[in-house]
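For reference, chains read A, B, C and D in written order, and residue numbers begin at 1 within each chain.
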Amino acid sequence: MEIIKAGDEVLLYLDHRRTYLVRVEEGRVFHTHKGFLNLGELIGKPIGSYIESSLGVKFYALKPLIRDRILKAARRTQVLYPKDIGYLLVRLGIGPGCRVAEAGTGSGALTCALANAVRPDGRVYSYDVRPELQRVAAINIERAGLKPYVELRVGDVTVGIDEEELDAVVLDMATPWLAVPVAHRALAGGGVFASFSPTIEQVMKTVHALRERPFVEVETVEIIMRRINVEENRTRPETLMIGHSGYITTARKVLD
Amino acid sequence: MEIIKAGDEVLLYLDHRRTYLVRVEEGRVFHTHKGFLNLGELIGKPIGSYIESSLGVKFYALKPLIRDRILKAARRTQVLYPKDIGYLLVRLGIGPGCRVAEAGTGSGALTCALANAVRPDGRVYSYDVRPELQRVAAINIERAGLKPYVELRVGDVTVGIDEEELDAVVLDMATPWLAVPVAHRALAGGGVFASFSPTIEQVMKTVHALRERPFVEVETVEIIMRRINVEENRTRPETLMIGHSGYITTARKVLD
Amino acid sequence: MEIIKAGDEVLLYLDHRRTYLVRVEEGRVFHTHKGFLNLGELIGKPIGSYIESSLGVKFYALKPLIRDRILKAARRTQVLYPKDIGYLLVRLGIGPGCRVAEAGTGSGALTCALANAVRPDGRVYSYDVRPELQRVAAINIERAGLKPYVELRVGDVTVGIDEEELDAVVLDMATPWLAVPVAHRALAGGGVFASFSPTIEQVMKTVHALRERPFVEVETVEIIMRRINVEENRTRPETLMIGHSGYITTARKVLD
Amino acid sequence: MEIIKAGDEVLLYLDHRRTYLVRVEEGRVFHTHKGFLNLGELIGKPIGSYIESSLGVKFYALKPLIRDRILKAARRTQVLYPKDIGYLLVRLGIGPGCRVAEAGTGSGALTCALANAVRPDGRVYSYDVRPELQRVAAINIERAGLKPYVELRVGDVTVGIDEEELDAVVLDMATPWLAVPVAHRALAGGGVFASFSPTIEQVMKTVHALRERPFVEVETVEIIMRRINVEENRTRPETLMIGHSGYITTARKVLD
């Protein structure tokens, strides 16, 4: 049983739409529209327990999962969703020990998912041309406890990637096709290239660039998630849904 | 650079539709409709290299990823696809060190994906009532090099799960709702329940069972994958697609 | 060339999101946030022409199509979309001369589409238990010029339909399964039954009721529309879409 | 009650997957893998009745709807499905009395749907550059009883359309963008342009051509149909589905 201690981050769950990522400290007060909470009351309780607000409303304390951090980050920059990240992880075929390069770092959401997958002995090399964005990402990565597995680099992957013999290269950037030659060089034989792009023109250019080099299994897909509302006599897919986030293109480097 | 040695399993890639999982041995011959291959020629070459068949056709030797094993297994039992497994992994929020129970073992495809995610210090406890099926799964798990991280158990999870304080419980079985009480007991506070079911009646019963116990974030989704054929002046989604594999229901245990 | 005359209804088009259904009258002024319009200026101009507002913004005068009326009505009651109505019309197989019963009348959107399809010598018998709703529908139907082809009836189709030997019966109501026996009696041999329902429980009960009677070709589908934003270098499906409106169940009566 | 007479075409229904379009004649025998049928037995019976084959299997006689003809035609040329035709009809906003040009004629499936919608006093002008294909279409149109409402023209709509002041122009051809200028000239003010294209490149070129001329409401959509298998405790969307047939682009001409 995991016990909450001072300094821990927990996800406070109020209802389906409202969760809050907070740090537990003795004497710390957290204000909500449902009253305030004394976060210190959580210390010593097991994960999954609740505390009540000043208005008597229950808030459950959950351990923040990577997906919670992805969604918190996604709300700001609106790019990769869990549905996309899950498919990417499986296509990349990565696991503990793998070495992966990523560009751009963005808010660090995908970085966290990659780092979580390759720890404890793998590494994520995350490139971004915007140092100010990486500073935000650095905080997210540290809060997720994944700092030891990530190396942030300010740099342009269309110019170069410092690493070699990588297991995977993942691009979430405006012009992925320009980074294809560099990605090919940085990958090990059989290593996986992946790119996430919202528009079909980006996909066309990237696929064209991949086909000009020794890559096999070039594939583009779109992952669509439908939420189902399950209520007695009212079960149905949700009325409004995310119709499109982006296309995922993957390929595997071969030695020709 | 990873060099192929005798005894290694490699994925031979011919084209988008045809790949073969083979064991490399000195003197071993592999017959295809494109001529035969001397697998021994691969020994000493780096992963990603090709050999030519007796008819001069190139076959690339790739390192088998978990997704390759999933697809090889899926072709037989037709259940969980990479799109579903990816989303499951993200929802479960698991990573190295996590302890997960799964039922049923089936062909071992999901077992491999889970084991790959929790290694080196986590464990997958995989239950199935059919010992003969688990024997097949055991072979798949061993071939994937994941045996140290999996404990196969012949047993019925609607009756009991031996473990406690689990990070996650995943059900891919005909009557998941009957296993909800046992899953709740086996989970740690904040632990994640997940169930994969092809029919909406299974979903309704499972969601109903979850709502009767202290679970939050009960959610049902469907993950749909569309493949895009990217060809100059002929770019379009694939004509025929998998319209439905199953629904994924997840929830998090709280302590009430 | 069709010339606009006093008393005509036109659809004023400002942009993709803003259109206005107005009656043209000499001296009538229409106020918008882009300035006011003298609708009388349209008299004598051909359909498709524009007039300028007091702020110099162009408004094009289009002939209102049934789909424009459907969308105007749909914005209020949020049910059947053009995608659903189009499929219904094709499944019903109706055309000029056909006799169709419908329940409920609702806002009259589907009634207009049906009446437009069966005119000049067919009829739509539209039932609703709520006389106050039918009064609104009557106005919509009259404005669309379709009054001669519609007979509105206040009544409960689960109790009875006055007509016999109908070509089609269409249900858009909360409990379609209760109307299946009556619909069967009212249909001619080979006549088509159709039902539109948002929830899967409604579908299950309706299909069950259909299978208990001499119906063939019982089929349930869902029609999903994705809008594609086509912009140079930014072409992609829309981010937010309608994920679900309802299921369409159809069947054909046979004589057993 | 409609009685079957000699010379009538009927749709023989065996089961969900097997229907046969046959002409009823005294003494005519129709052979199936379920035994043979004496079609003459149908004469004098009402539509919806059944006859039994020599092996005692029931075949129901239904009136062929336009959708039956569409599907019979679609099986051969694999283009427009009922889902697409239904949406097209609603977007075109056509009804009895409308005048519509179409290119190409193809198998005549869309031609029949259009002719059915505009009869008795409207007309469909159907162009195709391939006279041999139009001969097949002519037979389909005549069998559907729609010959009086269709004028087949051998000709290239990128060069010219003979008619003017049309209510709608519908293109189902390889290079719709080349026909946009001609379509604009042939349409009345407010008239609707529609194009059906399988690839995104066709859509991009067509939308670009439309934006260069006085058109409003330029819109591209994709209509996706999911079939739901409704069986007690086994209700679920179909495993395999049509993932893509084509994109539908529509616009309305204005006078600028």
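As a convention for this text, a contact is a pair of C-beta atoms (placed from the backbone, for glycine too) under 8 Å apart; a residue touches a chain by one contact, two chains touch by 3 or more.
Keep in mind that this is a model prediction, so the values were computed, not measured.
Participant: Figure out the least number of contact steps between chain B and chain C, where 1 means they touch directly.
Facilitator: Step count on the best path from chain B to chain C: 2.
Participant: If you fit chain C onto chain D using only Cα atoms, how far does it have to rotate, to the nearest 5°?
Facilitator: 180
Participant: Take the average of all CA coordinates in chain A, do the same for chain B, and state the distance between these two points in whole angstrom.
Facilitator: 21
Participant: Between chain A and chain D, what is the gap in Å from one C-alpha centre to the other?
Facilitator: Roughly 47 Å, centre to centre.
Participant: CA centre of chain B versus CA centre of chain D: separation in Å?
Facilitator: About 44 Å, centre to centre.
Participant: Could you say which residues in chain B touch two or more other chains, in rising order?
Facilitator: Chain B, residues with two or more chain partners: 200, 226-227, 232, 235, 237.
Participant: State which pairs of chains touch, listing all of them.
Facilitator: A-B, A-C, B-D, C-D
Participant: Contact residues on chain C for chain A in the complex?
Facilitator: Contacts found on chain C: 198-201, 226-227, 232-245.
Participant: Show me the residue ranges of chain C that touch chain D in the complex, using the header's touch definition.
Facilitator: It is residues 1-2, 13, 16, 46-50, 60-63, 65-68, 70, 82-83, 85-91, 93, 95-96, 113, 116-117, 119-120, 165, 188-192, 200, 203-204, 207-208, 216-217, 219-228, 230, 232, 235, 237, 247, 252-256 of chain C that touch chain D.
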